[in-house]
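In the part that follows, the structures are each spelled out as structure tokens.
Below, chain A partners chain B and then partners chain C, in two separate complexes.
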Partner chain A sequence: MNGRLSFLSAKGRKIEAIYRITLRQQLAYKVDFMLRASFLLLILYVFIQLWSAAYEGDTERLIAGFSLKQIIWYLVFTEALTMASPQLSLRIEEEVKNGDIAIRLIRPLSYLSYHYSSYMAEAVFRFGIHLVVGSFIAWLFVGPPTFGFGWLGLLSLSAGALTIAFLLNGIVAMCAFWIEETRGLEFVLQKLKFTVGGMLLPIDLMPEWLQRICAWLPFQAVLYIPARTAVAYEEVSMLQYFAVQAAWIVVLGIGIWTIYRRGVTRLHVNGG
Partner chain B sequence: MIALRTASLCKSFRVKRKMPGLSGSIRSLFRPEWEERTAVSDINLTVHAGETVAFLGPNGAGKSTTIKMLTGILHPTSGNAEVLGFTPWRDRTKLAYRIGTVFGQKSQLWYHLPPMDTFDLISRIYELKQSDYKARRKDLIERFELEPYLHTPVRKLSLGERMRCEIAASFLHRPQLLFLDEPTIGLDVLVKQRIRELIRELNRKEGTTVFLTSHDAGDVEELCTRAVVIHHGGILLDAKVEQLKRDILNRKTITLTLKPDSPSAIQARIAGTEIVSNEGRRMKLSVDLSQTDIDLVLSALVGKFRLEDVTVEDPPLEEIIKHIYGMRTGGAGPESGLEASRQAGAGAGGRRL
Partner chain C sequence: MSMEAEESRISGKRVWIMLRFLFTIWKVNLASSLEYRISFLLMAGMMFINNLMWLFFWSLFFHRFPVINGWELNDIMMLWAVSAGGFGWANMLFGNFHRIPSLAATGQLDVYLTQPKPVLLHLLASRMSLTAIGDFAFGLAIYGWAGDHTIQGALLFTLGLVISGCIFMFLMIAAGSLAFFFGNAEGIVQQVFNSFVSLSTYPADIFRGAARVFLFTIVPAGYISYLPIGLLRDQNPGFIAGAAAVTIGMGVFSTIVFHVGLRRYASGNAIVMRG
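Here is the complex of A and B:
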């Protein structure tokens, strides 16, 4: 038991060390952050105009149970989560293509753990920044985010959401062991998150049949679940949401592990 | 003690064969044709602890692929290997604690951060005790003279400075076995010299086994005691570096600079020598030591010419390798006691020189 615990804590320390160094390296990309942040402002501005038109400026009105203020803040949260994801498949594809994967595999650390912790370091950091930037514009147009426990719900469900986003991106990225280009698959994945994941609009606004399909897909656990919890805490069951996320983490985790095990045996590192 | 042992290690992979032109590309889209390429075929090798082994061969001979299998990065197609008691591809992470690996063409340092940050990360990843790590780091910083670069982002370091940091980084966890894949590629002579000294010192002081691939004859001559030459994925020759130089290519190169009033070079015919080049007052001679002795040649030269300068060198290892290829494919060249140590397996690969 003791040995098991010390094994886990050693592993935890490794993951933490990678988390920290990725974060430090991230700080070198200031311009990139500024550009993303200003792009987020632009998108949110456009959506605020759009939804204000849909609600005809009526702040009392509800569409599928959402007020204008809830919809706008919902968008801030889904955008912040979406834009938090680093381009994992591009990175892994590059590593496989140019052979830099060798540098990862000489370490006493699993390849997936390395990428998970470096992904989370970037994602959590970016999520924070985009949340601040997005909050600024939403506050300006639709008022303060008085969501109480909703904030707690958002933050606690975001960890699972980003983990599932990692697993989904990772599964696409693992295809780099078989195919030369994963960009096409990544494109499809991203658009699925935009639509059936509920990024552009809450799933509640979709037709009944589509809602039923979405409930069985992992994409809603990435965006819809944390964002809806934030804006409508009273209406959701946190326990159920945690269970949904946990189930997807297990399923996708087994999936990515299996694909990785098979893929790495086929690896042929290019370049001598 | 045996540091590593391989038995019939093979690695092949499939590549898509594409016909030239657009029509070829389209055809390969619908009916891809695959070609089996052999990168490594039937490598049998035993390295004892504390040895310094050079793994030589032309581009595409399978050197890097072999190192990558021995470090657990690649899975072989067939065959077996045991490194420090582990099967590398099965026990990759367990083995990783005990070996160090440096790829001359890839960096393990974090590009935007100072080397110190990577060192700290490594100390965590290898689960080093912080007090041990700090002492070890201090020692390596002194030996590798890294103090001035420790806090400079890696992207601002020169290649030589970076390479010293890379090798120091791979020594932090006191590996028993060090794999170096082209460690001195692209470095200038002085830096190469320094890096070789450092590796040699670590081998001597800590008994670290060194297994390196290189194109550079100097790496092999100055760092290694044993050379394994591979070609077409198989082992062509396995011998002591000394023996290799003495027996396989028993030639030396003499470079002369003549004084202005010395007799012209054309009259120089000394038994057992051959004029390689002759430009103005500089002349290069190749001496066949099976026909004559170096002191006979030198005294003949002194008798015939008035010399300003003279150097005697061993031929570069590239030439030695070329010579062995010649012997195997054409049957030319001196037969020697090394014949017995050559192994079968050469020529099985799909690659050409």
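Here is the complex of A and C:
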């Protein structure tokens, strides 16, 4: 029992160290942060203009259950979650190409755990910053986010959302064991999140047939589920959403583990 | 032979030599890209799919809202055709136009300075982007799908491609030349590019008031995002003249900024080989 506890505490300390290092790295690149934040402001401004034109400036009108204010705040949440994701494919691709992966593999922490810890530390930090920046412009144009328990729903579902985002990005990144360039695949994954994930358009506004397809894909669990919960808490079933996220975490978790095991056995690193 | 005729003959010969030089570089770039055929096809194909996904989003959007401030799905398709196609040809033929900051920061301009060819032209044409071929093919495919296939329509579309490609390229040359004045400017230039692409791929008419003025002055993205209406649909002479003037003006301005900046360029001691 004691042995198991000390094992868990040692593992916890390693993960905590990764979190600390990642956060320090993030704080070192303040200019990068400001640039990303300014891009978020710009893109949200464009969305506000686009959706205001779609609603013809009518703040009372409801389309598929969404008012203009709900749509804009929905976009703030999906953008903050999207921009929270670090470029995992690029990192793993570089590690495989230049052989740095050899150093990671001999460390006393599993390769996937290391990347998951590092990814989550960075993603949570970025999500917080982007949420604040995005809230600023949305508040200015459509008023305060009076969503009550919606905030609690957003924050609790965001952990699962970021984990699924890691697993999806990780599966694409693991392709680096077989193919040289994974950026193209990452682009496609990103655009799937933009469209069928509901980043640019809530799934409720899509045609029926597509809504039925989206319900069977993991992308909605990353963006649509937490953002919709935030703006329409009363209309959703949190339990059902947690169950959907949990199911995808299990399925994708098995997927990434299998791909990693197969990929790492065919890895050859020369020199050093 | 008169003096004028002699001068004209010499300048004609110079243009011919320059064109031959450019064709040779493009031929070598293409041959080099085709050495990695799988990678080439994968990258170009992914970019094509990437753009297609954006159109998928717009088709969903216009399915719900058929007309947005006078814009219909066909207009947004043509906007993506001219913007992606324009960016595509510029990045295929002059693929270094967004890499000036990194080339300057790493001392890789030396190789262009030591050769008897125009530095900017030589630098720009020395790289062919693989993904850009996907962008260009996408532009042509969408034109084939949703464009006007008359001779006039084809000529207008070609003009749209030229304007959008030149605006993208000249903007990035001017922004990239900031590296000569402020040192490491890669992050800022990349952000300028991302922002410009975002502004130029949404319907120009969703912007009103000061934002619209901004789009047609300080950040001339409006001259790309209004092309489907001002050039392809309405053939508005005022807009066409404005777009042409802005494109030429940006070309002159970016060339001047680059050459003024180049005087401040200090090489490192890196030895650079061209592959």
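We adopt the following convention: the second predicted complex is superposed on the first by the 262 of 272 C-alpha atoms of A that agree within 3 Å, B and C clash if a C-alpha of one lies under 4 Å from a C-alpha of the other, contacts with A are read in each partner's own complex, and residues count from 1 in each chain.
Everything that follows uses one rule, which is that a residue touches a chain if its C-beta (ideal position, glycine included) is under 8 Å from a C-beta of that chain, and two chains touch if they have at least 3 such contacts.
Keep in mind that this is a model prediction, so the values were computed, not measured.
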Message: Is A:Arg107 touching anything from chain B or chain C once the two structures are fitted on A? First, second, both or neither.
response: first
Let me test your reading of the model: by the given contact rule, A:Ala247 touches which partner, first (chain B), second (chain C), both or neither? neither
Open item on the list: With both complexes superposed on chain A, which partner does A:Leu140 reach: first (chain B), second (chain C), both or neither?
Closed with: neither
Output check: A:Ile18 vs chain B and chain C. Expected answer is one of first, second, both, neither. What do you get?
first
Task: For A:Phe194, decide between first (touching chain B), second (touching chain C), both and neither.
output: second
- Query: A:Leu217 contacts which: chain B (first), chain C (second), both, neither?
  - Reply: neither
So the chain A residues that chain B and chain C both touch are none
Chain C contacts chain A in the complex at 39, 42-43, 45-47, 49-50, 53-54, 56-57, 60-61, 63-65, 68-69, 131, 187-188, 191, 194-195, 198-199, 202-203, 205-208, 211
Per the touch rule above, chain A residues touching chain B in the complex are 10, 13-14, 16-18, 21, 24-25, 28, 99-103, 105-110, 264-269, 271-272
The answer for chain A against chain C in the complex is residues 31-32, 35-36, 38-39, 42-43, 45-46, 49-50, 52-54, 63-64, 179-181, 183-185, 187-188, 191-192, 194-195, 200-201, 205-207, 210
Listed in rising order, chain B residues that touch chain A in their complex are 11, 13, 39, 59-60, 63-65, 68, 71-75, 89, 92-94, 96-97, 99, 101, 103, 105-108, 110-113, 117-118, 120-121, 124-127, 153, 181-182
